[in-house]
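Letters are used for the chains, namely A, B, C, D, E and F, taken in the order the chains are written, and counting of residues starts over at 1 for each.
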Amino acid sequence: MSDVVCMGEVMLRLSTPLHTRLPDAPFLDLCFGGAEANVAVQLANLGSSAAFASRLPENELGDRCVEALRGRGVNVASILRGGSRMGVYFVSPGYGLRATSVLYDRAGSSMAEATPGMFAWDSVFAGAKWFHWSGITPALSPHSAALCREALVAAKRAGLTVSFDLNYRSKLWTTSEAAEALQPLMEFVDVCVCGADEATSILGAPSAAGSDLERMESSARWLAKYYSFSRVAMTRRSGENAHETGWQAMLLSASDLVISREYALAIVDRIGTGDSFTGGLIFSLLRGDSAQAAIDFAAAAGAWKHTIPGDWNRATVAEIEALAAGRAGAAVRR
Amino acid sequence: MSDVVCMGEVMLRLSTPLHTRLPDAPFLDLCFGGAEANVAVQLANLGSSAAFASRLPENELGDRCVEALRGRGVNVASILRGGSRMGVYFVSPGYGLRATSVLYDRAGSSMAEATPGMFAWDSVFAGAKWFHWSGITPALSPHSAALCREALVAAKRAGLTVSFDLNYRSKLWTTSEAAEALQPLMEFVDVCVCGADEATSILGAPSAAGSDLERMESSARWLAKYYSFSRVAMTRRSGENAHETGWQAMLLSASDLVISREYALAIVDRIGTGDSFTGGLIFSLLRGDSAQAAIDFAAAAGAWKHTIPGDWNRATVAEIEALAAGRAGAAVRR
Amino acid sequence: MSDVVCMGEVMLRLSTPLHTRLPDAPFLDLCFGGAEANVAVQLANLGSSAAFASRLPENELGDRCVEALRGRGVNVASILRGGSRMGVYFVSPGYGLRATSVLYDRAGSSMAEATPGMFAWDSVFAGAKWFHWSGITPALSPHSAALCREALVAAKRAGLTVSFDLNYRSKLWTTSEAAEALQPLMEFVDVCVCGADEATSILGAPSAAGSDLERMESSARWLAKYYSFSRVAMTRRSGENAHETGWQAMLLSASDLVISREYALAIVDRIGTGDSFTGGLIFSLLRGDSAQAAIDFAAAAGAWKHTIPGDWNRATVAEIEALAAGRAGAAVRR
Amino acid sequence: MSDVVCMGEVMLRLSTPLHTRLPDAPFLDLCFGGAEANVAVQLANLGSSAAFASRLPENELGDRCVEALRGRGVNVASILRGGSRMGVYFVSPGYGLRATSVLYDRAGSSMAEATPGMFAWDSVFAGAKWFHWSGITPALSPHSAALCREALVAAKRAGLTVSFDLNYRSKLWTTSEAAEALQPLMEFVDVCVCGADEATSILGAPSAAGSDLERMESSARWLAKYYSFSRVAMTRRSGENAHETGWQAMLLSASDLVISREYALAIVDRIGTGDSFTGGLIFSLLRGDSAQAAIDFAAAAGAWKHTIPGDWNRATVAEIEALAAGRAGAAVRR
Amino acid sequence: MSDVVCMGEVMLRLSTPLHTRLPDAPFLDLCFGGAEANVAVQLANLGSSAAFASRLPENELGDRCVEALRGRGVNVASILRGGSRMGVYFVSPGYGLRATSVLYDRAGSSMAEATPGMFAWDSVFAGAKWFHWSGITPALSPHSAALCREALVAAKRAGLTVSFDLNYRSKLWTTSEAAEALQPLMEFVDVCVCGADEATSILGAPSAAGSDLERMESSARWLAKYYSFSRVAMTRRSGENAHETGWQAMLLSASDLVISREYALAIVDRIGTGDSFTGGLIFSLLRGDSAQAAIDFAAAAGAWKHTIPGDWNRATVAEIEALAAGRAGAAVRR
Amino acid sequence: MSDVVCMGEVMLRLSTPLHTRLPDAPFLDLCFGGAEANVAVQLANLGSSAAFASRLPENELGDRCVEALRGRGVNVASILRGGSRMGVYFVSPGYGLRATSVLYDRAGSSMAEATPGMFAWDSVFAGAKWFHWSGITPALSPHSAALCREALVAAKRAGLTVSFDLNYRSKLWTTSEAAEALQPLMEFVDVCVCGADEATSILGAPSAAGSDLERMESSARWLAKYYSFSRVAMTRRSGENAHETGWQAMLLSASDLVISREYALAIVDRIGTGDSFTGGLIFSLLRGDSAQAAIDFAAAAGAWKHTIPGDWNRATVAEIEALAAGRAGAAVRR
């Protein structure tokens, strides 16, 4: 019985340490990551009850992943065990003008092999209020879009709010393939998180001119209207370095548009920051915060994640609220 | 026979590596730290003869700490061995908008259990010129303030200059408890190091308005007059990030007020920077530098410490003088 | 059969990790470095065929170095084995206002002991187009300058283009000793890389006033004229911190002077950045790029190296070209 | 709702790596351990449902410990949060003729401060079948024995089987203090695990002569009769090195005495091996194994733990059964 | 132009450190391994000229692997670049009674996707004397056996001696599948390395009774006769621990059977020891050693590998010869 | 004012971790070592007052070494600073049949450059009772034997007991060179530690037949008589592995010959074990132990060192006495 159910693939993440590139790494750090699992961990981290539905192989890597999620407080009862392998991705964190690079090795994973009928969705969703998925899952394999549709139908049948993070991955498919697969699934979505470029290239929003914020507002309004999303959330970045970034978020609720303050962030690990934003947003909306409070909380949650190694955030509600309220990192807390 | 005697508690410091928080740390780095021990190491590091008076348990942690201090050149003859345990503190260094956090586990330490009569102060101070203590020690246990008074009386009897760093720790006591304990001990103090806020909340200086420097000057002048301090030193910081800070220092000698240049610092480890400042100040005053030279040297000593991991600085007099003179880090020294 | 032959000493580099200084390092990282080997690796890294001529002891350190170079694609057929020892240098990377410091322990190395007659230069240079050396080698021992002359005569006899990087090392000799040894060898040089200060103090260029770029231009034009260099390349830095720097490069070809854009760089490891610049320059000139393209490529190659640990760059031609074209590190590459 | 409830203190364990002693350790590994938590983890590891009742401070160390236990599948609903601190123990693993040494720093821990009335035992034991405790807990503080009695009364009221591991710790109390505190609590115990020496010095068994096994049998029979234990389990070791040991176990059920085979073990980490034995025994008895099968399984579970770093075993039921059946470590499993 | 060509798959090996199992590993060590690559490295290590023919993806993992092989002196000109991914295997080294375990994730690798026609075998084999392959490759994918046949036909056409190491992997196929695929390829084999059990279950030798050596001799004689192998080599192990083993080797040449002495080995890393044996055998046979000398050298080469971490041996010819001659590890070599 | 003065060279020791050989080491551990410094540390470790006379360069490596010695309690007042460099040695610890190997890079060290007249011996020896040196020092450079003689003359003038450990190093000189240099210095020696082979090849003892102990006795008696040594101590080893060894010691005092029990040792680090033996012997003799007690203590001190990483032992007097009395490593000490 969890308030929020997230569904997707979770992978073994192997990261190079100490600014090395993959050919030079003396060893590899290991953790787990995946857009939807990251959201579930963020929610559990904030004290929400969150479940993660996925499929992992019956081997020690699968065991470790289940343990890691359970340790972080995520309900793992809906993780199926079976299939061929766990997807892997290698991260070489960037610095300065050298960008972070990610090498995926995820084909044929247990979750990619998952087919409709494998999950007992009615049972998965029993007692839940919210379902979160992303645009990565339909790209995993030929039957993955059908699996998503099956879950979405069940979620709607169970009366859940559905959030969706587009997360276009060019290594998995083209924008036109993504458009073809994702657009028909938008009817199930209540809360859409995407980038202004993705809105245009994949969801069909007209391309807009102007500043970042102007372009975000324009496409958000179009998406909300065209797809009847109750909310559209977007984030923007600025700067040209891998170790620092500008960061700001926007939320459109009905016709009401709010923006967070703009952060100037130093980066420890950028992977998963968007997922922390999304998790923070769901958390805040679920507890009934105002739109402005929600986007402030979500932006702060994402901002905080930039200082945490690995895919998974580590912060308390109090820490995120203090950050949203303007308290930053200068003073030693003792 | 050491020129300077520092007294206080030294703890085992366990730090999380690689930007992790305590629940995620793969291992813990270990070193030792404590405000007064840090000053002693800074002095020894600069070539002064410095002794440290404290109490450590008779176990391998106590052995390691004594070795570490002795290795750095600190006279350890006045470290008593006995009592229950060594205090521990856990440091999770911050980055960007996430602040450094410190978790103390110091109750019941051997030094907290130290009582008046345990130290042979006349012998500890034999041949010394200077005694340094801090406002942490009286907070350690009910009898610790009496221990401080005993030491201060002996130091004055032996004709030593006494310096004091207020170092208010809110985990140990309230500001009013601190005020009650510390104010009666100020009569023994010649050189007082504190923050403008501490001057007001604990030592009773009137709260002042204006810029940082104006507030510092105002409270320093009040302190010097009210408590007959021969010198009052203060530092200020600016900025909102855990990995970078502005840094500037001020020294009031008689009615003469001097300030250092303002540094923009990148931070490797901020713990102990104030102690390096204080150690640098004592060193410079002891060798007879002018007030301006002393505050420049002390500010540079503290600035340099921001680049050194652990509580204990590592710098030569030549390096600090070069920094004070404006030579910074751009050129490779080969 | 390699297009470019580099000659010089390569040393074991032992570096302190995690911002520690040498007395505090918990362990030492090890790699290899030396100005000319770094250029060879940079060239091989970019796909050029590069050979390295040197002398290493017949022990496991020598074996490891040969393996490392061969692994990176450098032709090691001209590395002689014999002599007393491998030179070592200890690097304590700086941060903020604390400069990177280098401690050399290179006296009596196998390469310093190399004497004229040891290398079969005609065979080393067979099929090559370019010879690169530096101003470090003549300083290694009393007979090293003669060894350089022997190589230079052979290189010219074989019709190679000769590049030279001055690299003055004050630990090895004085500027006047360097001037005396190096000036007579300039007649063999086609492409000279040096700093504006070195041009004056060692190669005799008149000291110039004005901005960095003006001084660089002035001395480059004098050098090109006085020594008949076909090209002179220089780089400049700005800033006062060890972890960030401004970076810009200039190339004088015949009378045509071009400059790169100015980079604001975050630094992972600064050692070897000049060598990456030089390797990038040789690569670009060899493939026939225009002067502007060559200085842009070389500046970007050097800029990229600032983000790579160790002496040896790790970048593809495509990455450097993208950087030169303005694409930096902000976006995650997945 | 867990089948087995374990109660006791869990501590932060800090271990020296790479055969170092505490004064020489370059860093400290961290995990958690405590006799009863180790049993709970062992049970969860084997697929049993196990809960752990304890008290941990509300800080990041407490959070980490809860996460670690929950990750391993232990029900953490009965872990109270509050109190002063988490106990710490430092382990320096031995090797050869140098014994493993443990330095405790556990006074004043949150669990030591736990008092009767804090735990809602009826709710803790609801649905459970078994309660496990140890002879360490009554030694923690003056009120800890009363806390144990309160739990034991509730466990018996709820009809649970009660197992007890004596675990005498000479740093906490004398044998006569232990005898005085523990003997009155034996009336609640069904399954007693102890050593032959402890049986004599603390539980009052007559001292016996003869071989290890003879002495074990003699005291076990006395204990079973005197205290009406339904079962008594003992293990024995042989050898004189820290990195290898002989290992054998015995179980007395009613009047039926069975022994396991004797293992010759190589040791990675010896801490917690007895707890893995006890957990294996509870697991095996709970699933209705014969006495011989139970002692074989328990002995193998303890044997396997010797190869696993940290306090907590990591093995599947299949692995332990294979070991009990004689399959050891020679063949690579691929 | 290399004397020996080895063909097969090379994988990324990720190993758990410090005796941890995969769910507990704090990080993963990385190297490369694969039966045939291991043989090639062993040969290059001994000074032979060895080439490796394989297929690796065009990504940074592939780059690293090529660099590693080239660094070790292996000719990498016949490594094709392309395909989907690099196979990965996870190794958890065992200790004591816990066996080393290997988790393969190799499906769909670039080498598994290699098809007949991709390699220009005549060019690969030009100038070579020997071809080595293993029974793993035909199991990689449906077309892999045909790829092997293509290579074998070309090798024979070029007049090479062919060696074969059976290396049955139960995760890839059944013994009957292996028998069906491998038996028809035996006609190309001159030197066969296998185990006595494999000889029976896969190559059809009658099962024999008696001691290990008797069973080895019996099946070797049958194999040599039935398949007209010029030589059959086998090794045997004894003991039941993961960290120590008995080790002995046998070679049948024509009708002449020789055995090595039996070693009692302490194990650092057992993976690749058989490949070091095979590489040592090829090396010794190629230089014309007697059968006794060859089996002694090969057995010592394999024995030595047990002390080396990773798949790849590190030993000089002199070291192996000294070991074969009885000089072991007791004295410090300084 | 130290009871014992040791003189010799101390070097930076760089060790490969995790069973790697030098070409494969991922990083290098660093400590310091040298036969005489090791003895001094062993003595200080046991509570004796020990001083070390040597010469170290004025750089950060020298600073670190001084700190390390001082931290361990060694009087460093007689360490001169100056000269060219610190000697370095690389250790690759062996395992099983692979021997530990040492690569020296010590030519031209500051101590090798030390010449007669540099040390103020009368002041160095003031208040001391014992002088210890070794047969390594005379081999360091052409003037090192004269330096030794100068020290020995002064030591005898000051009435000190002189101990000598032969420590023949074949990388530094031949046995005949050693004989020529050392024999004339034996007149100053009271207590001689050497091996039976060294006694013959360097000190001229007749070669003897029989068991190890018989050969040791025979040469010890010859040495004692020929050179008028008051005591001769020897150790013997057995076994053929790098990670385990037999160990036994013998002491001849006047005509009284005693032997220790024979240990079967597991080895963490063998370097420095002989020095720990010698340090233990000096300690025991200085406190007036009987010959049997002294050889038992010394043998146990050396035995214990086999379990300690680095050159320097770490043990208390109580630990060594317990070991000598038969208490070994089986029981966990808590």
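By our rule, contacts are C-beta pairs under 8 Å (C-beta built on N, C-alpha and C of every residue); 3 or more make two chains touch, one makes a residue touch a chain.
Being a predicted model, the structure only gives us computed values, none of them experimental.
Shared contact partners of chain C and chain F, listed by label: A, B, D, E. Superposition on CA atoms relates chain B and chain E by a rotation of 180 degrees, given as a multiple of 5. Residue numbering shows that chain D and chain E use the same positions for less than half of their mutual interface. More contacting C-beta pairs link the chains of B-F than the other of the two pairs A-F and B-F. Centre-to-centre, using mean CA coordinates, chain E is 45 Å away from chain F.
The mean-CA centres of chain A and chain D are about 42 angstrom from one another, to the nearest whole unit. Annotation for chain D: residues 17, 21, 23, 27, 67 touch two or more other chains. On the chain F side of its complex with chain E, the touching residues are 18-21, 23-24, 94-102, 104, 169-171, 237, 239-243, 245, 270-271. Chain A contributes residues 14, 17, 21-23, 25, 27-30, 59-61, 63-64, 67, 84-86, 88, 90, 92, 103, 105, 107-108 to its touches with chain E in the complex.
Taken together, the chain D residues at the contact with chain C in this complex read 26-27. If you check the complex, the residues on chain C that touch chain A are 17, 263, 265-269, 303-304, 306-310, 314, 323, 328-334. Residue ranges on chain F touching chain B, taken from their complex, read 67-68, 70-73.
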